[in-house]
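Structures given as structure tokens follow.
The two complexes that follow have subunit A in common; it is paired with subunit B in the first and with subunit C in the second.
This part shows the complex of A and B:
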């Protein structure tokens, strides 16, 4: 599991290092257009100044270079960009500083959209999505926590079972209508 | 322009004088231009020609590959003579490009040059509708139909010639203004130079050395400043501002406010005894706050004119009515605290605007902490700190403690190429001045470590790349490709840590520096804004003055007789500023040598029977052309001073009585175009009346 997760959060550096030569066949000239379709505007105007990488709080912890990903998008290196980009916290600090007025955070979101549509869904996203459909929240409710809460004289997290069921049903209806479940690949048995 | 030649014999009908109702149809010729594939590649010109031929009034329609070519023009002349054409419609490019060509052409054939109408089927049709060929053709057809309808109603006009005053006003005394003034004066024209500061010299006087050759800026500028001040043909109005400009090419009337400097220029000898006596010390603007001056001062030792000026804001006398130590010290009695502003009226033929630039001021709460940290300075401040006549005598020190900085960082593109702050353009000089200053610092102190944070290095000029190469090779100046993301000041050492991605290494770097220099970009000056408003000059989106044509008319403005030079037109270095100044001087000299210019007759005129003398036009006209006059019959009427009228149409559009008509844009002509577009006939002006009722 840990190995698989690593692929989805690590930066481009290692991936690029494996392919010594980028072949023209690997480039998708329409990639920037596709990104624009999913909300990532002005990708081609990036000056590659690196300001986004410098201000990115994630980049200080792991090998994740915002600028590098944008460059791959400009270049049409689709295959490198889709596996990753789930670490972006969308804090928009990159957008705040970008002199070219593009929004790297929204490019990351667009990349996630494209990745999911290509069937590339990291396990942790699948788990969170499954939880959302199942319990109405992306984190699985833990009975232990409720036990502690009761001991402390607090109500359990979901005291109002009736309301919770209504909420979950609402989510499931929406999920079904938007074909979100199929997109993410949530199993049938998950449903109530 | 010469008188139109007598008309050809085949042209027999003279219809222009007939009133609308009984209008005899003039014979119209239509010439459709392919413009190679520029138009024909999109618009089906053959179809346009065929359709034009079928229009009423049209007696001949021709299609040409290039109507502006000799062949195309010859065909127009031939058609006019053979078919007795009285009005010519050319469906081609923008009238801004070839209207003069075709006016000359039809004049050669004996027609009045103003009986031409150009239909723009290139810029307004083929170029903008490249993907919709059928629709573009349809639009071209409609435009031609409108043009023919208007052309049939054109009336002959006579161009006027006006004399040109052989004198010039140069606004701004920087290097561009100085060069333009000297060139014009050397050609024998009278030149008035207006500079708002107490001394000429501009920004160049503040610089230390110039790139790429390393000449001392003031050493090469001062001789020119002195030459200007001593030139018999130049009147220098320093500490003055242009307040009002009236008139037109050849005949501008300029009102200049000569601000009171409280020192008589003709008595002051610039000895400086007054400044020694003055007890007030304030920051010197010329040193950007690093050095100090007295309340009575010259901004720098080489100032021209070397005449002292009292800074009213800080002078004790203007606060308490006391002191007067300077006046007591002055042996020539040159100081006069009661001096008043003076208005000087000038009459000039041409104007050169050389109002220069200002440097971008970093944001108050910006990333680069210019306002928070002492050791973050701008490029121009560094110039003063490096300058031998600057506040430190040329010794580079850290502003926080006066010690020598050992590690220096330059940050490029501050206030340039940044869409977030609406500064999209490249300021052109920052790369080179940073490289030049790096070289100077390394020459002074070879043990310094210099890093330049850049996005792209633009070393495009003569000798620039060589200098860039030298500072890397000889002085080992380090270039880091990346825009700094964060600056952090150590509260005790006052050193600055810069975090940036070295994009070429794909690594985030954090490094500490003693001094950080922000290579700030160039922005339009306040002086430019005010003179731009006074003259009504247009600017490009970046705020710099727009030239008449970006390639072919680089120093002319949209206003005849007004030229632009130097950084007022856009960021540029000294060689480019000087070259442009020389170009502006030569362009301004042309009409002054010719002693006369031709003025377009497309002006407004007033029907005094309809005018009620309300004066709305007088208030609205941006050029002061209409005036109210008392007529013999009694009452006041508006009258247009034709020489001042630019034919903009503001008065005609706003006149509540519809008493004002704009020649070649009469209501009748415009309505006929509208009706042609709508496919309606405007017989006997009925439609026009209906439309007016509908519109109003």
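This part shows the complex of A and C:
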């Protein structure tokens, strides 16, 4: 677990503790606006009550505290929120318990949108998106499982190749239309 | 009786085919003989931890494409996975906004599709539409069929079987507007388990997250497993024989994570598999071979009871 903290908590506390002073050049006054653009509510309404941290299953485990992330969002301390955004399980317990109706999980999702647009795309996102444009599903079909399917009397996952080609074509058209292929970096998989 | 469309998603067909078989069996002729149809044009829901997290426009578009497929037959989409359920339900809510619907339909036109929802009545010359209905397997079983009906059809009550139920976050908190039941005190899965003749044991932190969702399993597997370990510790303390969940991704997490911290582990299954067992299916059809935690001793206990 120590390894997890080192890698994924990107020094939120370390750096804050070491610096003590928050450097003005690290403050992004547009950050709260940017979060709203991607579907997060106004982080300025956060009361810093800490309910979200109290009910967060991840906060119990590692040094990731929902309230601190929201505080950083309020300040516009973009760089401190960089490493933490993908450890949220989106269980929405924080939303359930938020007296300010803020929905911190949606803020994390907005932070992920921002990260991806800054070119930080986790490999598993690329893998799932590639599977989607290739097989129409995010999980890669497994020939061993297909054998078991047939034994059970089920059809193989892609029994109808023609249908699969048509579905995949539709998906690729849609993914290309929103430029998602370019955003995630899977252009070469989209063959239209 | 309502009519439905199967929506199995990605994890069930590609990792746990036994769950697909169980669902088809329970809803089919040997089971409750429900009106459920196939649709082989469905794609990934798409998975909220990836697509809803990185680009909501693409997520909504791909979800709308799936919803459109349910329009012609006016059937409810029967999801068997919490992720599919939350993703598609959330999409129907987004599409209630005329602005979102317009934006989606402009792009969907490129593939010859249009999301309207399902027409319910006319007011003068205006037709009134309702969003496509997205349903969860547990809720359909408990509300549409009824717990009494499930109990009535239990041929082999799973007596003395101690079950730890795990609802999964996205069954309890699917969206901001909709909830199936009280997320702090859900009862439907417990009731289904009890209708199968088993005992649903109470355990500490019963409604905690399995740890897998939102990309955590894919991103930091150790962190996800450590959450699962806590849950399994509490489940062991309650002396449960198995874990029953309504979500294949939670199933996958419990099933895989236990390899990292337990020698034998607690068998995990989907609620449909438990139902099928209680209704007298041959366990060989339930594909327990694809589960990492062996279910052999559990099945022996069930047969003995």
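As a convention for this text, the second predicted complex is superposed on the first by the 159 of 192 C-alpha atoms of A that agree within 3 Å, B and C clash if a C-alpha of one lies under 4 Å from a C-alpha of the other, contacts with A are read in each partner's own complex, and residues count from 1 in each chain.
Here is the rule we go by: a contact is a pair of C-beta atoms (placed from the backbone, for glycine too) under 8 Å apart; a residue touches a chain by one contact, two chains touch by 3 or more.
Quantities reported herein were computed from a predicted structural model and do not represent experimental measurements.
Overlaying the two complexes via subunit A leaves subunit B and subunit C side by side, clear of any clash. After overlaying the two complexes on the shared chain, residue contacts for A:140 are found with subunit C alone; subunit B is out of touch. Shared-chain residue A:92: touches subunit C; no touch with subunit B.
With both structures placed on the common chain, the touch criterion links A:65 to subunit B but leaves subunit C unconnected. When the two structures are aligned on the shared chain, A:48 is found in touch with subunit B, with no touch to subunit C.
In the superposition on chain A, contact of A:182 is made with neither subunit B nor subunit C. Applying the stated contact rule after C-alpha superposition, one finds that A:100 touches subunit B and leaves subunit C untouched. By the document's definition of touching, of the two partners only subunit C reaches A:152; subunit B does not. Among subunit B and subunit C, the chain that touches a larger number of residues in subunit A is C. Measuring only between alpha carbons, the smallest separation of subunit B from subunit C in this overlay is 8 Å.
Shared contact residues of subunit A with subunit B and subunit C: none.
Residue ranges of subunit A in contact with subunit C, taken from their complex: 1, 3-4, 7-8, 38-39, 57-58, 61-62, 86-93, 95-96, 103, 105, 108-109, 112-113, 116, 121-122, 124-125, 128-129, 132, 136-142, 145, 148-149, 152-154, 157, 160, 163, 166-167, 170-171, 173-175, 177-178, 180, 183-184. Here subunit B touches subunit A in the complex through residues 367, 413, 417-420, 455-456, 481-486, 499-503, 506, 508, going by the rule given at the top. By the touch criterion given at the top, residues 9-11, 13-15, 17-18, 20-21, 24, 40-41, 43-44, 46-58, 61-62, 65, 107-108, 110-111, 113, 169-170, 173, 176, 183-184, 208-209, 211-216, 218-220, 222-224, 226-227, 285, 287, 289-290 of subunit C touch subunit A in their complex. The part of subunit A that touches subunit B in the complex is made up of residues 13, 47-51, 53-55, 59-60, 65, 67-68, 97-101.
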